[in-house]
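Both complexes below contain subunit A, partnered by subunit B and then by subunit C.
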Partner chain A sequence: MTLADSTKSQKSSLKQLLSDQMRNIAPIFTLIILVLFFAVQSPVFFSVANLLNILSNASITGIIAVGLTFVILTGEIDLSVAALANAIGITMAFFTIQPDYVNIATIPLPGLICIVLTLASALALGAVTAFGVTKIGIPSFIMTLAMMQIANGVSALLVRGQIAYTFPDLITLLGAGKIFGLRWSIIVCSLLLLFAHLVLTYTRFGRYVFMVGGNREAAEYSGVNVKMIIGAVMIISAMCSGLAGMLGVAYFGSAQQNGFDDFLLTAISAVVVGGTSLFGGRGGIGNTIIGLLVLGVLNNGLDLIQIDSFLKILIRGLILLAALVINVYAQKLKEGGAEG
Partner chain B sequence: MSASSSTLTGGAKAPSVSGPHAEPILEMRHVSKSFGGVKALRDVDFSILQGEIHGLVGENGAGKSTMMKIIAGVHAGFEGEMLVSGQPVHFRSARDALAAGIGMVHQELSVIPDLSVAENVFLGHQPVMAGGVIDWRRMNDTARQQIASLGLDIDPTTRMGSLPVGLQQLVELSRVLFSGAKLIILDEPTSALSPPEIERLFTVLRRLRDDGRSIVFISHFLDDVLAIADRVTVFRNGEKVITEQASALTKDSVIAHMIGRGSANMHMGESATLAADDSKPVILTVEQASDGRMLHDVSLTLRKGEISGVYGFMGCGLIELARTLFGKNALKTGTLVIDGKPIRFASTSAAREAGIAYVPENRRMMLFRTEPVYKNISIAILDRIHSIFLKTGREREISETHIKDLQIRPPRTDIALGNLSGGNQQKVALAKWLTHLPHVLILSEPTRGMDVGAKEDVIRIVKALRDRGVAILVLSTEPETILTLADRVTVMKKGMVVKEFSHGHIDKSDLLAAA
Partner chain C sequence: MSHDFDDINEIAKSRRDVFKLMGATAAAGAMFATAGFDPAMAQELKKAGRPLKAAMSNAGLQATWCAQGKQAAEAWAKLMNVEVTWFDGELSATKQRATIDNMATQKWDFVAIQTFGIGTLNDPIKRVIEAGTPVITMDTMMAPEGQLPIHTFIAPDNVMMGSVVADQVLKAMGGKGKIAMTQGALGHSGAQGRAKGFKQVLANYPNVELVDEQPADWDVTKVARIWDSLLTKHPDLKAGFFHNDDMALAADKVIKSKGMSGILLGGVDAMPPAVNAVLDGTMVATVRNPSCRIHGWSIAAGVAAVIAGEKPGKDIPNFILADGPVITKDNAAGHLWLQKNFLI
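For the complex of A and B:
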C-alpha cells in the first residue's frame, strides 16, 4: 500500500468514524453547550444542590426511559408508558390503606404483598401489549395507543377524581426518601440504567434486541425468535413504567388522574435526543443517559434564567425537532457509509 | 415461434453505423472509487460508442456495478473524469444522468404490478389535461405507440402484474427509453428470462442499436453477452482488463480474462450423471404440502448426505417451498416429517432449533449491512455459544475460522458487512450455518449473480457439507446450478412437482423440457 493510499484510507475511515458516531457526538455536544450556557447565565446552576435537583427530577423519567430504550432499539414504540405509570401508581394506592379523608374504595393489603401485586399488574398490562403486537400483529404504535387509553381508564375508575396520599413504606422511602442527602430515586434509576446497559451490551438477549432492530427480516431468517424479543421488550417497558409509576406517586406525594401527563413526551424525547435510532438497532443506555441529562439541564436551566414559561414549551419542542433531524440524518450517514 | 411472433412486429433494419468509426457517446477517464477503505475501482478508462451494444462482464466485486452506478448518477462522488458526447459532466443523482440521456434498468424490476402498463410507462409524468386531471386517452395512445415502436404488441391498459416478467422488463426498458435515454444500461437483463423471452429482448436491443442508441449489457451469462454485444469489456479487481470486439472473443477467453488464470473445466453444469442412493437414511419428508397460494401437493424426500435439487422457472413456487420448510410461511395442508416425527413450525426459530438452516435467494434478507462481519456470522448460533452472557472473543474466533475456510475477503471480522462484495456477502450468509452443522440446509439460488470464482467456492463448500452428512435442498432457476450440485433432481412447475430424476445422464434440455 502506498503512502497516498494509506492517508486516503485513514481519511475515509475517520470520515466513517464520524458518521458512525454522529448520533453519539451530537447529544454530548448539545449537553456541554447547554451546561456552559446556563452556568454563565445563572450563578445558582453549578451548585451541588441544583445539580442534585436536576438528577432527582430526571430520575422518574429515567426509569421509564430505560424500558423505552429497549422498545425503540427494536424499532418499535410504546406510547402507553406514562399512562401505564399512572395507572400502576394508582393501583398501588388502591392496595394501600388510605387516610379517612380520602374517599377512594381500596383493598388494603400488607406493604410487600401490595408491591408484588402492583408489579404483577404492570406485568399483566405489558403482557396484553406484547400479545397484541406479536400474536395478533397490531402495530405497536396503535396497540400502545389503545393501551394508553386503557390505562387512563383504569386510573380514572380507581381514583374517580380523588387523590390518594398513602403508599407502602418501602415505596415511600425509595420514591421520596434520601440517604446521605441523595434521593433514593436517583440511586434506583442509576442502578436500573446500569443494569439495563449491562443487559444490552453483554447478554445474548441484548444482542438480539440490537439485531432485531437492525434488520428484522434478517433476524428472522437467522432463526431468531423475533416475536419473543419484541414481546419481551414490550413487557420490560411496562415493568419499567410500572416501577416509575410506583416511585413517582411517592415522589409527588400523591396519586391522581393525569399525574404523569408530561412523562410520555419527556421519556420519548430523552431516548431520541440521546441519539438512539428511531429505526432501531443503534444507540443504547449511554445515549439515553445523555438524553435525560440534556432534557434535565434544559428544564432546570430555563427555570433558573426565568424565561417565559410558555416559551419554554416551544423551546422543548424545537430541541426535540432538532434531535429528530439529527437522528434521521445520522441513520442516513450510517447507511450511506456502509454502501457498496 | 408463434408466441413471440404475435408480440413482435416489423422486420429488422439493415445494420447501420456501429463499430470502431463511431463517436464515443460516453468516456470515463481515470475513474477511481472506494467504499469505506475498500477500493472498488482503480484508475479505469472506459468508453461507449454511439450505436453499439457494449457487453460488460467481470466477477462480483470486479467493479462493473460500481462503474455503472457512477455513470447512472447513483454514486455521486468519485475520482476521475466523465464526458458525455465530449462534454465533461458531473451527476449528483440518477435524475441528472437521465436528463443527460443516460438511463439504467436494474436487475430487480421497479414496476408497480397493480398499475396498468401505460401507467407504468408514464410513472411520475402522466400527461394531464387542464385542472391536473390525468389524460387517460392520450396516455394510453402514446404508450401503445411507444411500445409498438419496440416491435411489441401489448395492450397498454393491461395490468402490469399480469404480464410475464420478460414483457414487464421490456415495458420498463421503454420507460427509460422514452424519457430520452441515448445510453441505456441493462443490469443482468436475462437472468429472469426464458430462452424465447431472451430472443425477443435481443431483437429489441438490436433494433435500438440500429437506431443509433447505445446499450451497456451487464451480465454473468457469457453466452448471452457474446451473442448480443458488439464490443465486450472485462473488469477484474476494480480494473479494466480488456475491451475487445465480441467477434474476437470466445467464452473461454472471456473467462480467462475475468479470473486471470487459465480456464479449465469451465463448462460445468451443462449436464450431469445422477446416482441417487436410496439406501441413505431419510431426514426430512414433505408430504402433499400446500400453502393455499403457490404450492400444490408438493412431496419431497431429503436424505442424509445427499443434495436434492429442485429446478423450475421463476415464480414456480421454489421460494414459497423454501419459506414453508423454514417456518416462515404456514403450511395449509400436508405434513412435514423430520426423523420420523411429524412437525409443524410456528416460527423460523422453531425450524432452526429443529436443525433446519436456510439461506434465502436474496442475501440482504439475512444479513445486517451495518453490523460487523462477526456479528453477522454468529447471530444464528448465539444460543449455542452463549448461555446468558456474550463471549465476543469466542464469536471472533469462530468468525476467523470461517473467514479463513471460505476465503472471505477482506479477511476482517470487524468490517461492516455492507463493505463486502456480493460474493463475499453470500459466503458470510453461508458461514452463519456452518459452526454447528444443521440436519437440513436449504439453499435458494446459492450461486445466482456470483462470479465464476465465488461460484466454485460455494459449490465446493456445499459438496463438503453434503459429505459431512447434511441433507441439502438446493432450489434454483438456473439449470447449471442444479446440474452441478444435485444428486437427485426434482422439477417444479406452477407450484407442483412435475418430474423427478434420480439416476442416469441428464442435461439442461431435460430440465428445460420438463419445467
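For the complex of A and C:
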C-alpha cells in the first residue's frame, strides 16, 4: 500500500465514520451551540433553578418519547400518543373523587385500584391499536389517527367540558411532588429512559426492534415475529403515553379536554431531532435524550432572552426543519456509504 | 373631558400621535376618567419613577383579542414607565405552563396573566407569589377560588355580555321565531357565562324557540359545518347568537353562500371587524369584551402595587369588573375610535 492509498483510505474511513455518526453528532453539536448561546445571552440560564426547570419541563414529554422511540425504531408511527395521554389522565380523574365545584359524574375508587384500572385502560387502548395494525393490517399512520379520535372522544365524553382537579395521592406526588428539591417526574422519566435503554441495548427484544426497523424482510427471514414486535411497541407506546397522562394531569394541576394536544408534535420532534431515523432501525434512547434536551433548552432559552413573541415560533420551526434535514441527509449518507 | 379627546383626535394622525399629544400624565388621567375612575382616586396612581419590569401572558397571540390586549398593555406600559416581556400562551395549556415555568425563574416587579387552562399554572405562580411579586389575573380565573393569593382579578361579566346581546337580538326578532346559539368551548368559563346570560333573557320570550345550541369550540370551520346543516334543517331560522364574533361572521358567510339573507346575528367581543359588521348591518349587535381595559388596567394595578404599595384585599379589591358596552349602529363609530387608541 502506497502513502497515497493509505491517506485515501484514512479519508474514506473518516468519511465513513462521519456519515455513520452524523445523526448522533449533529444533535449534540446543536445542543452545545444552544447551551453556549443562551448561557452568554442570559445570566439566569445556568442557575440550578433554571436547569431543573428545563428537566422538569421535558419530563412529561420524555415519558411519551420513550414509547415513541420504540415505535419509530420499528419504522412505524403513533399519532395517538397525546390524545391517549389526555384520555388516560381524564380516566384517572373519572375514578377519583372530585371537589364539589367540579361538575363531572365520577366513579370514585380507592387510589391504588384507580391507578391499576387506569393503567389497564391504557393497556386496552394500546392493544386495540396493536390489533388494528398487526391483525387487520391497517397502516399505523391511519390506525393511530383513528385511535387519536377515539381517545379524544373518550376525553370529551368523560369530562364534558368541565375540569377535574383531584387525582390519587401517589400520582399527585409523582407528578407534582419533589424530593430533595428534585421533581419526582424527572426521576420517573430518567428511570424509564434508563430502563428503555437497557431493554433496547441488551435484550433480544431490543435487537429485534432495531431489526424490524432496519430491514423488515431480513428480520422475517431470520425468524423474527415482526407482527409481535410491532404489536408490542404499540402497547409500550400506549403504556408510556398513559403514564405520561397520569403524571401530566397532576403536573399541570388539572385534567381537561384537549389538554395534551401539543405533546404529539413535541414528542415526535424530540425523538427525530435527537437523531432517531424516521425510517426506523437507527437511533435509540440516547438520541431521544439529546432531542429532549435540545427542545427543552431551546424553549427555555427563548423565554429567557428578549425576543419578539411572534419570532419564537418561527425559530422553533426552523430548528426543527434543520434537524429533519440532517436526519434525512444522514440517512442518505449512510445508504450511499453502504452502497459504495 | 370628551371635548379634549375630540380635539386631540382631529390633530392626531395615528394612535401613537394621540399618546404623544396627550402626554403621559394627561393620558393616564384621561384614560382613568374614561375607565370610570374617580379622578381623586386616580391621583394616587403615579407613573413609575424607575423603570419596572413586568411579565405578561395571555391565552395566545393567534387570537386577535389577545394580540390587541398585548398592544394595549405595551401602550399603557410605555406611558407608565414599565418594560413588558411577553410569554405567549399559544392557545395551549401545556405550552403556557412551560413558558410560565420559564418566567417564574426570573425576577419581575409584577406579573399579569390570562390563563388558558384553569388550574394549570398554580405551581409556578405560587413560586412567583412566594417571592413577593404581585400577580394580576386577567379575564379568566387562574385557579378555583381560594387556591392562589393573587393581587387582583380583572375580568368582564360574561353573563351580562350574553344577556345584553341576547336582548338586542330577541327584540329585533320581534319576540317570536326560531333562534340558534352557537357556543364556544364548553369548558371555557366565558362560554358558560355567555350561555347563561343568553338563556336568562330567552326565558322572557316564550314565543322564541331555541332550535340548536351546539358548541363550535371557537372554531370557524366547525361553525360552517354546524350552520350548513342547521340552515338546511331550519330554513325559517330567524336569528343566531354566537359566543364570539368570529363565529358569527363565519355563519354569515354560510348564510350568504346559501343565497339566504335577513337572519339576525349577534356576537361577543366587538373586535373591529364585528363593529364594522354592525355598522354595515351584517350583525345586529355585539358586546365589547374590553381587551384594552383588562390588559391596560393590569399595568395600572401592577404599578400601583409596586410604587404605591397597594395591598390585595385592602387597597385593591379581589375583583375588578372590566365592563364593555353593547355595540349597535348608534355607538359603533365612537367605539372604533376608542379601540384604535387602546382605551376599551
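Rule of thumb we're sticking to: the second predicted complex is superposed on the first by the 331 of 340 C-alpha atoms of A that agree within 3 Å, B and C clash if a C-alpha of one lies under 4 Å from a C-alpha of the other, contacts with A are read in each partner's own complex, and residues count from 1 in each chain.
Note that in this section contacts are C-beta pairs under 8 Å (C-beta built on N, C-alpha and C of every residue); 3 or more make two chains touch, one makes a residue touch a chain.
In this text the structure is predicted, and so the values were computed from the model without any measurement.
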Does the subunit A-based superposition show subunit B and subunit C clashing or fitting?
-> fit
Determine, under the contact definition given at the top, whether A:162 touches first (subunit B), second (subunit C), both, or neither.
-> second
Which partner does A:44 contact after superposing on A: first (subunit B), second (subunit C), both, neither?
-> second
Determine, under the contact definition given at the top, whether A:56 touches first (subunit B), second (subunit C), both, or neither.
-> second
Superposed angle subunit B/subunit A/subunit C, CA centres, nearest 10 degrees, is 130
Which partner does A:130 reach: the first (subunit B), the second (subunit C), both, or neither?
-> neither
Of the two partner chains, subunit B (first) and subunit C (second), which one does A:281 touch, if any: first, second, both, or neither?
-> first
Smallest separation in Å between any Cα of subunit B and any Cα of subunit C in the superposed model?
-> 34
Subunit C residues touching subunit A in their complex are 61, 70, 85-88, 90, 92-95, 97-99, 101-106, 117-123, 143-144, 185-187, 215
Going by the contact rule at the top, pick out the subunit A residues touching subunit B in the complex.
-> 8-9, 12-13, 16, 202-208, 211, 214-215, 217-228, 281-282, 334-335, 337-340
What residues on subunit B touch subunit A, complex-wise?
-> 34-38, 40, 66, 326, 328, 347-349, 351-353, 357-358, 360, 364-371, 375, 379-380, 382-383, 386-390, 416-421, 432
Within the complex, which stretch of subunit A touches subunit C?
-> 44, 47, 49-50, 53, 56-57, 99, 101, 159-163, 165, 176, 248, 252-254, 256-257, 259-263, 299-300, 303-304, 306, 309-310, 312-313
